[in-house]
Every structure is written in structure tokens, then in C-alpha cells.
Amino acid sequence: MRIAVCPGSFDPVTNGHLDIIARASKMFDKVIVAVLHNSSKNSLFTLEERVEMLRINCEGIGNVEVDSFSGLLIDFLKLKDAHVIIKGLRAVSDFEYEMQMALMNRKLDADIETVFMMTSSKYSYLSSSLVKEVARHKGCIHGLVPNMVEEELKKRFNI
Amino acid sequence: MRIAVCPGSFDPVTNGHLDIIARASKMFDKVIVAVLHNSSKNSLFTLEERVEMLRINCEGIGNVEVDSFSGLLIDFLKLKDAHVIIKGLRAVSDFEYEMQMALMNRKLDADIETVFMMTSSKYSYLSSSLVKEVARHKGCIHGLVPNMVEEELKKRFNI
Amino acid sequence: MRIAVCPGSFDPVTNGHLDIIARASKMFDKVIVAVLHNSSKNSLFTLEERVEMLRINCEGIGNVEVDSFSGLLIDFLKLKDAHVIIKGLRAVSDFEYEMQMALMNRKLDADIETVFMMTSSKYSYLSSSLVKEVARHKGCIHGLVPNMVEEELKKRFNI
Amino acid sequence: MRIAVCPGSFDPVTNGHLDIIARASKMFDKVIVAVLHNSSKNSLFTLEERVEMLRINCEGIGNVEVDSFSGLLIDFLKLKDAHVIIKGLRAVSDFEYEMQMALMNRKLDADIETVFMMTSSKYSYLSSSLVKEVARHKGCIHGLVPNMVEEELKKRFNI
Amino acid sequence: MRIAVCPGSFDPVTNGHLDIIARASKMFDKVIVAVLHNSSKNSLFTLEERVEMLRINCEGIGNVEVDSFSGLLIDFLKLKDAHVIIKGLRAVSDFEYEMQMALMNRKLDADIETVFMMTSSKYSYLSSSLVKEVARHKGCIHGLVPNMVEEELKKRFNI
Amino acid sequence: MRIAVCPGSFDPVTNGHLDIIARASKMFDKVIVAVLHNSSKNSLFTLEERVEMLRINCEGIGNVEVDSFSGLLIDFLKLKDAHVIIKGLRAVSDFEYEMQMALMNRKLDADIETVFMMTSSKYSYLSSSLVKEVARHKGCIHGLVPNMVEEELKKRFNI
């Protein structure tokens, strides 16, 4: 069984993330969406909330699991017997940082491969932080995130 | 009347900013320089000081106004009946971030267009933060900012 | 009256080109689409055919004219009393080449400004040469070019 | 069965290509290396020679097949019942061109996904054309291509 | 005597840094490795520790000196009668930031030249911050930093 | 004695080339400008003419020699007992191609180092091919090339 891991902060999950997860789910036997527990970075939603929002929105895709991790990503892959890391790409600077991470991960574990997939061009400008910025100023985020995430963001920012 | 908005932090205005503002003023009936009131980011100069420095240095250009805004840029444009956002470009990483912002702004309001203009090549290395860094260490910033801004920076850093 | 020139080979015009032309037409009093007569480069369509396809597809936009030029672009601008060059951007390598051209044109005539506008993200992968490549191999180009251009391409490649 | 296609000119195959093919073979049930029959581009080796060199060098990898194609890549994928295109990446300009191709291929067939994999950093400077250029001037290409390809190149350039 | 300065935070020195320092030492009569005393940025190792680790690891190279500086880099160069700044490059975004700094430094002192050298491709993914991140999570950093630096990092993170 | 080689087509030499040559001449004991004899590429000026134009314009710089080469650049360096290749940089795409060449040259001869220097920002848009394009259409190239090269270009294009 080929297992791939799709890591990220998902604070919160966007339609761009879901687009990549759905594409990846067709290519591998199992895709594990792995939410990073990053203690040093301030997140808007707690780890539990981020995992929950992903779970609800990935329910329809049979071979997708949602989990969380802290520490090194490659340790999480070993634990899950996974050998592939999936990264969605939007832009060149994305690519360079991801390339650096991919080479480091390959150094740390030669059996692990990173593959890059392209976000749908209609989500090419989308990021969690930009969505939060727009929501904070009461801009319309409809269509950028799942409906239930839109509701959660509105609650947070008292809209 | 075609109105364009040129947004930024302008902390402080540089000769590169003024170069773009002057170029834009020839292309549109009115150019509104919009200083971002960003409460979370530490600025060296207050919003009032940044606006004032811009006003003094744009005085010679008849169709330029200086104003400030907080919140979403597109809301400011609606308020001012403006339909064009002007961004100066220096480098590729500038461009990618700005492209992301431009696509998001277009999503938020389809009537608003972002246009990119090139800074004069002699200012291609210039940014407010780099100017402040040089001034802080008592390096010469002559020719990088207007004279009165140079004086203000010297005062701040006790030079 | 503010006149802008939108230059290119347009061999043939795509929906990405028309997207930029329509956006530009809202920003300037007149937009002149200028088809390059490039004797050294092999084009699929003749200069006359390229101009004609543009004319038919720009008919609905009142302030757009279609013309052709050879030689230096800035000489064409002077002839037409235009001061702005409009370039659509898709990618970083586009941007760098265009930046080089923009600086050279500014050197040749300091009164001329180049502005960059972003193609709709749904056309971000589109180019005339890619469209021709797909059509040559009988791939579906529907939605990438105007219908009449699609018909012309099919005729050329005996589809 | 998940089938992926790894397309290219392979004129000739390099150790960088073989690195990507080997990595891909671990991720999919079958990898079809697809040599492009490009009538317009001058190749050093004939289509048959390029296919043969790949076959010999992929012999050790059980789930790799070598084939050739002309026309649209997506038509070849349909014929082979494959749904994934694999592209090796070295640099940013690679990435942008490949991104454009990937989006066009997705438009032509929504069921087809392009995934990008990173070449080993030790091959990051390697390309078939650069290898040919070095061999032509009798430079040492040992370690850049398989030994039998090295021999063939030496024969061609009378070394 | 041609003196070059190789500036950086070196928190801590990596094998990529040492690769660049060794390459530079062959090109100039003296290379001064200049450790930045940056009071605002949190460093893992103190200035003294960073200098010491560099000194021990550069001992074998006769014409390399290790020193520290605060303030403007060009003032340090003047003090040392040096005219060349050496920067190692890995990626495009590196390059753009460094290009901006190089042009600013040239503006501040026209006699000073910045030269860029390429890190060995085997260190293309290496940075001090990434090494610290891996070490913090108890990942293997062997081969990425000198052995004594590896020991220091393990001590810091209680491995 | 430290000898550096500055290779190129120089068809013809521009003020940007001379800027880099002058900067390099201060850093090395001898700089050899090496004009590529490229039989396959059509050049406007013959090898002899290109060498001659460089010689005349480098006369004032004592430690600069002009020569020509064909074949591999590293073989030319060995012949001249040189260990450094100097490349001027303008843009990102420049950088990527040059990085590829630099790594290949390092593979071919580990003793040879490539260093990158930045063109003056006022020449950041300049290239021989763009200068020829402008001259061909009778545009003003004053200030872009040395006066005698300007005269030669005018003669060629009957201006």
C-alpha cells in the first residue's frame, strides 16, 4: 500500500488545500493530511479545531485520513509507514523553499520522496494567512474556504 | 475621471516611491497616495508623520493627494471612487507577492485593476527598511530620500 | 486624451490577449492594439489575418483600435501620440524579459511608460504558440481562443 | 493499477533522467518512459537509438517500460490508461515552463495530473544538451551519463 | 594585498559556509570571516561562541581570519582595508536579496565590490536555521556541520 | 599571480561588459577577456572585429588582455593558467543558466571557480542583442556602447 503524507498548518484549511488533497487521493492508496503542531507560531485556530475542520471537509474522500504531528516530518512518515510527501505549489518562492525542505528531508531519509502538485489556477493566489487577513477586515471570503470554515472565521472576527 | 490609488507604508517615503508617484500622476486624472495605518507593525514614524512627509514632497504634483487608510484596500478604493491600484516593482519576489495580492483584490472586487510600474533602475535596490537600517548605523542616505526625510531620519538616530 | 498601445504578435489572438485588452480599455481613453510585422519570424497567420481576427474580436469595445507596426515600438507610439505601453504578464520569466524591454524603451524615450497588467488566472497557462501546438495535434482548444479563431486554426491544420 | 508516464526527448538519456525514473518507479505500479518523436527538432540520436539506450539502462527496474510517442502527450496517456505525468525539476525556469504545460494538459484532460519530482542535487546542472556540448568539445562526461551512452557520444564526436 | 570579507551570522557555521570560505581563500590574499553582532535577532550561540567555532574550523586555512562586526558592513571593510564582499549563493530568492544589498553597498562606497560564489551543489539545501530546526527535533545533522558544531548543537538540545 | 577569464560573445561589446571588466580588473592580477568563436551562431561582427573592438576599449586598463577561444572554456583557462571565471549578472534567468554552467565547469575541473559580479544598475537592461535590435531599427544607442562601436553599428545598418 502506497501512503502519502500531505503536511501543513491548515490554519484554516482552504479550498486550495482541499483541491490538492483530492488530487493526491487519486494517486495514492492512502493520503494522510498531517497538521503541524507548532508551539512557537501563533495560530488562529487550535490544533484540535484545525484537525476537526479538515476531517469534516475530507469526509467524502474515502482514502484520506487526518492526523497531527510535531517534531520532524520524516519521523511522522516512518511511524505511518509512508514514503511520499505531497506539497502543493503556487509560486516560484514557494518552490524554492519547498525544494530546500525536500532535499533536507531526502538527506534525513533517502527512502522518502517529495512530490509537488499544482494547485488549480483558480486558487493560485490563495493562502490561509491571506484569507485570515481578508476575513479580519470583513472582506468576502466566500468560495475561498469551505462554508463551515467561512462561518468559523466570521465568528472569530465578530462579523 | 480616472482615479488611481498608490498604497504603502511609506515609513518613510523614499525617492523610489516619489519616482513611481510622479510616473503614475501622468497616467491618471488623480493619484491618491494611501498610507497604511498598520497597528500591528512597528513603524518608525507615526501615521501623521508619514502622511505629512508625503504631502510636502508631493506638493509640486497637482493631481496627487495623500490620505491614509486602515482595513481592506478595496474598501478604500470604493470610498474614493477609484478603480486602479498602482504598485511599483523592483524584483521578482516583489512581483510574486504583489501578483497574489492583485488576484485576491480582483476576486474581492472585479472592477478593480492592479497595474505594475517599474521603478527607475537607479532606485532598484531601495526600500524604506534598508534606508532605515543604513541611517541607524549612520551610513550616508543622501540621494535615497528627499532632503527633509534625510533630516528627520538623522534626528531619530541622533546623527 | 490618454492613449495606450498594447503590442504583440497575436499569431493568433487568444482569450488571454482579449482579457488584457478589455481590462486596459477601461483604464485609458483609447487602446491601440499593435500587431508586430516581424519579417524574420515565421508566423502561422499573415499580418493581415492577425489584424483582421483582432478587429472582429475587439469590435464590441468602443475605444479599441487595431493597427500594425514594424520597427521600434516607441516610434509607433510617437506616431500615434501615445505614452503608455501595456503588457500582460503571466510568469516570472515573462516579467524579466518585459522589464528589460521596458527599461530600454524608457531609455529610448523618457516620456513613455510601460505598465504591466495581470492576465486572469484562468488564462495563466495560455500562449499563442501553445495553442498552435495543441491545435496542430488536433487537441481541443475550445475556450482558449475566440470561436472564429478556433475555426481558422482547424482549417489550417485540416481538422 | 496506477500508471505514470515520464516524457522527454532523452537525446541522450542522462544519469539525471535515470535518477528520476528510478524514484518514480517506487511510487507507481508502472512507469512508462515516453520518448518524444519530434520531427522538427534536430536530434543527435534517432528515435530508435534513444529508445534503445533507455531500454538497456532501465532493464534493472522491473516496472519501467520504454515507448515513444508523437502528437499530444495526453493522447498517449489515454492510450496507455495512464493518469499521471512525471516531470523532473532542476530550476525555476524549468518549473515555470512545466507549470504552463501542466495547466494546459489539465485543461485538455481533467483526469490527468502532473507531478514534479526533484532531481538529486548532484545532477542539478545536468541536461542532455549540455552533455552533448561538452562531449562535442571532447570534455569529460564520465559520471554524467551511463557508460554505454558515454561510448556512443564518443563515437559520434570521433573522440 | 587583496582582502575580502565574508560576512554572516554563522549561528552556527555549516559545511556550506566552510565550502565557500575555502573557495574564497584561494582567490584572495586574505579572507576575513566577519560574524555579525546582531543585538535584535535572537541567536542560539553567543557572538563569542560563533567566532570560536569558526576559528577552530578555519584553522587549517592559512589566509583566513575570523572577526566580528556590528553596524554597517562597509565600515568594517574600510577598517580592514578590504574591498571585496563575498557572498555564497544557493537560490534565486537569496540572489535577489543579496543583489539589493550589493547595490546598496556599492552606493555607500563605490570602491567596494560584491562577488557571488556558488555553494557546492551538495550543500544547496543547507542553512543554519534549517540545521537548528532539524537538531531541535533530534534529527541527524551529521555531515551538515563540522563535528564539533554537531556536538555543541546536541548539547544545546539535550540529545 | 591570480588570473581571471571573462568569457562572452561580445557581438559587440557594450558599456555593461566594460563595466564588469573594469570592476574585475581591480580584483585580479590579470583579466583575460575571452571572445567565443562560435561557428554555429550567426554573429554580426567577425571574431576579429569583436576582439579588435574590445582591445581598443580596454586599452586604458593595464591588466586586461583580450583573446579568443573555441571549444571548452575550461581548456582555455588551463592554457592560460587561470583559475577563475567571471560572469556579469543582470537578472534571475541569467543567474540560473550561469549557475548550471558554473556547476558543470566545476565538475569538469574542480580547481576552477566561477564568480558572479553585478552589472551597474544603469546597465541592467543592456544586452548585445537588444542593442543590435535597436540599432537595426535606427533607434538611438548612444551611451549603451562605446562611441566607436556605435559608429560601427551605424555603418552596418546604413544609418
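Before moving on, here are some points about what is shown:
By letter and in written order, the chains are A, B, C, D, E and F; residue numbering begins at 1 in each of them.
We take it that a contact is a pair of C-beta atoms (placed from the backbone, for glycine too) under 8 Å apart; a residue touches a chain by one contact, two chains touch by 3 or more.
Here the structure is a predicted model, which means the values were calculated and not measured.
For the pair subunit C and subunit E, chains touching both partners: A, B, D, F. Common neighbours of subunit D and subunit E, listed by label, are A, F.
Distances between chain centres, each the mean of the C-alpha atoms, put F farthest from subunit A. Looking at A-C alongside A-E, one finds more C-beta pairs in contact between the chains of A-E.
Taking shared numbers over all numbers used, the subunit B to subunit E interface scores under half, which places it in the different class.
Farthest from subunit D, judged by the mean position of CA atoms in each chain, is B. With each centre defined as the average position of its C-alpha atoms, the distance from subunit C to subunit F rounds to 34 Å.
Separating the centre of subunit B from that of subunit D, both taken as means of CA atoms, is a distance of 47 Å. For subunit A, residues touching at least two other chains, in rising order: 92-93, 96, 99, 102-103, 121, 124-125.
Chains touching one another, given as pairs, are A-B, A-C, A-D, A-E, B-C, B-E, B-F, C-D, C-F, D-E, D-F, E-F. On the side of subunit A, the complex with subunit D involves touching residues 2, 23, 26-27, 83-84, 89, 92, 95-96, 99, 102-103, 106, 113-118, 121. By the touch criterion stated above, subunit A contacts subunit C in their complex at residues 92, 121-122, 124-125. Residues of subunit C that touch subunit D in their complex: 90-93, 124-127, 130, 134, 137-140, 143-144. For subunit D in complex with subunit C, the residues that touch the partner chain are 71-72, 74-75, 92-93, 96, 99-104, 107-108.
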